[in-house]
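In what follows, chain A forms one complex with chain B and a second complex with chain C.
On to the complex of A and B.
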């Protein structure tokens, strides 16, 4: 936004911030106990893992199990992200305050929505998962809600900021042509931010897949759950297969994201 | 300036208007009258206050002093939701949405007339607005209407913005350098369209005030030419009486103004909040 340009910290203030962060960094580095490694066989453990990762378990039986785990993770991630976008994007419009404009009575609604988005995203998915498991028990519903809720907060906040940052002259111009707040939202703001938002949702899908694979532990099933079982059985070659499948999955989503992005941005 | 005569119902009038942006004096005081139907060109060097003048008449900024009347009504008293019928403004920066097609940008000129539902329908249904298409084609945009606006050339984008203004069809057309990126042939078509010589259904009876970079174009296409320098009217004549001396005089002192290029040195838009 133009009004932020040229408005920075004074030299002394800037120096104070640099010193503060430097102290925080050095304090943290000194605090960590770098020498405390309880496993005396760490070296041989690393060797076992390396062998397993060089020769992952590619038996048909294992690949079937991995494929099914991948599908579970993907379907839960996609469902969660869909719900998060469905809730987050409209809330983002309200929170941005761009439609209500100068209408003072509706301002508390925008502020309340902003607070709600802040609340949902300030708590991590894992904590939400523990809360939802406590409410509904170990169930896919708990896992999906645990991802969808904080993600709706993140998506809503990002969308709100993008809508606010659309250059004012564009809004003024359609305003002179007679557009009201809703029309300038539809004609200028949303079209301006849509390509970036779609590309951002793909990035969020990538994050949702990672989160869903971790949340396997709370009853979702999927990649993380299989990793957990394989680790307990010390089947490192199975762990390796799961690891590579997750890597492949993220690569595919990234590729899709790039393709869509280049199509809509060019 | 105290004996302000009553405003005529058919004129646009600035009475003793001046505008400052903070410490910087941008315009005035000027008193100008624009009779309905007259086509006026404003010429002058960068920083002369030409853009400020148009923005004041469009109601985007409020004068520091003085009053502006549109056809007998005080500008501020005109309901914001009805102002689009009175005045339309094509900015020098065009202000098009680069991600939308040329067609959708042109159709945005209908905003005042269209309901929210009609607007949504225009965005998601493959139905073309006939008038937008006619005007776009008339300005030589046929074949480019469904291209993304960001992919069009500067001259094509300028015609998209002009088409949007023509679709809006206000009583008063304000245009800031409407033909600066066009080749000579297209410049003539654009200015003749704006001044109601071509496509007269849209513009024939309308009043036009345009900032024009070239004195030659100003005298050739418009009824009246106003020379502006350092915020003051230097001359104000019927186009056929403007002499070389007038135009030489108005551009005298070009670039001595420290405020930079036309309009860009002004603060960010602050519509309705100042």
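On to the complex of A and C.
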């Protein structure tokens, strides 16, 4: 198979890009209104924040509140990721075009799926959430759908790319043994991309936890909701506890991802 | 009966089927248990609220989407175009400031964040610094941009700069981790050669590591820029600037044609940044 020859990018092209971005950056700084950047709190504010983060509020009462907020956020994250994988992985198979092979009539389907995945993931989860809440009203399912939609787009795209990138010799060898598109998908492509896909889903779980924690911006509960309350009460030590709970969640997901991955690969 | 010689070599086509061990069983039980209890909680929470798909919601969706992308959306005046252009410029400015700030601060911290860098210095300085840098990366990454924004606007006035700082804090953690991992995984030969030929620690860092990470950091910065531009719109909720802020205001006032125009502008700049970033990353490959 002929290797695709890329456009040759020389040092000049690189330099041009760097200069262009530098110009964009300087242009951007002109848009900033520099008059009131540090506001009236800034004098004591940094110190207050730093002290709070060094001494988070670990009272039983606060920990109970944080735990229930964490549970709400984790529930939103797990359910929306489950839904996103359920929708995104099959769409990824269709978008990759590996099953249909050279059958022309199904090609528009793959292209349409790719466009759909691209469109859903272009819009941020919270903007989807604004729309879903307008349509459905203030219900947890609106938040879950808002996360699941763009996440299915990104999961579908990544899965499609991985499936396409399976080395050709493997596919050809089962192809000559008589396997059709579906068989080579199930026997070769999916098993060989499974460990990476599982790692990726764990990474997405991490992202989903972060997104679910800010669903408070459209009016739903969870960690962000408690941060809002604590900030308006100026209880920065409670904010610190909530931030550390996110840190803990991300560390747990990271650990799970590593353990499962090493088990699968061994 | 004669024993057949056992083949010690396995056929490359043979797949090993392992029986589920205790670990796999435990993982499966925990995963299924977590998913089931989360769904259970969500079902309990949404009792008595409107379901996602019903006659009522599909009617409302038809109505809202009709207004979002109806004829009113497409009949805009010149002053409206200028208004949106200003919001687009603000959004782009915020994202560029954020991407650059994140990359520059990682560049400053990276000398201590990679295990392989500072072999010359004392262990009692090197290890605590390394742990502190890595800890800072994980913590800033764990908290989403919008929650950082809530804290940032306590000390900085809401605006492009405050939004940029909030975005930069989270992305500092993401780029920092990617950068430090790259330096640790990188080819050590140049560094070793420089050290053994008598170069000081600073000199060998400057000529052995910086050329590599400068290019990698640029690549990461542009890759993150794609993510940042999407998020810039929602950080505008808190930072009170750019497309996101106006989107939320118009949404709350049920001005759906205006929201539709902003959504179109938003998707267009997301695609423009994606395209630019892809081209730049290809140039730096």
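Criterion: the second predicted complex is superposed on the first by the 226 of 266 C-alpha atoms of A that agree within 3 Å, B and C clash if a C-alpha of one lies under 4 Å from a C-alpha of the other, contacts with A are read in each partner's own complex, and residues count from 1 in each chain.
The rule is simple: contacts are C-beta pairs under 8 Å (C-beta built on N, C-alpha and C of every residue); 3 or more make two chains touch, one makes a residue touch a chain.
Not measured: the values here are computed from a predicted model.
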More chain A residues in contact [chain B versus chain C]: C
First (chain B), second (chain C), both or neither touched by A:37: second
Which of chain B and chain C A:194 touches, first, second, both or neither: first
First, second, both or neither for A:182, with chain B first and chain C second: first
Partner chain(s) touched by A:86 [first = chain B, second = chain C, both, neither]: neither
Touched partner set for A:28, first chain B, second chain C, both or neither: second
Contacts of A:107 with chain B and chain C, given as first, second, both or neither: neither
Touching partner for A:115 - first (chain B), second (chain C), both, neither: neither
Residues of chain C that touch chain A when the two form their complex: 23-24, 27, 34-35, 38-39, 41-42, 45-46, 49-52, 57, 60-61, 64, 89-90, 92-94, 96-97, 100, 138-139, 141-144, 146-147, 150-151, 154-157, 159-162, 218, 230-231, 233-234, 237, 244, 247-248, 251, 263, 266-267, 270-271, 279-280, 282-285
Chain A contact footprint on chain B (complex, rising order): 58-60, 81, 83-85, 87-89, 91, 93, 95-100, 104, 108-114, 116, 119-120, 123, 164-165, 168, 268-269, 271-272
Sites on chain A touched by chain B in the complex: 2-3, 102, 168-170, 172-180, 182-184, 186-188, 191-192, 194-195
Chain C-touching residues of chain A, taken from the complex the two chains share: 6-7, 9, 13-14, 17-18, 21, 24-25, 27-29, 31-34, 36-39, 41-42, 45-46, 49, 71-72, 74-76, 78-79, 82, 119, 122-124, 126-127, 130-131, 134-142, 144-145, 210-211, 213-214, 217, 223-224, 227-228, 231, 239, 243, 246-247, 249-251, 260, 263
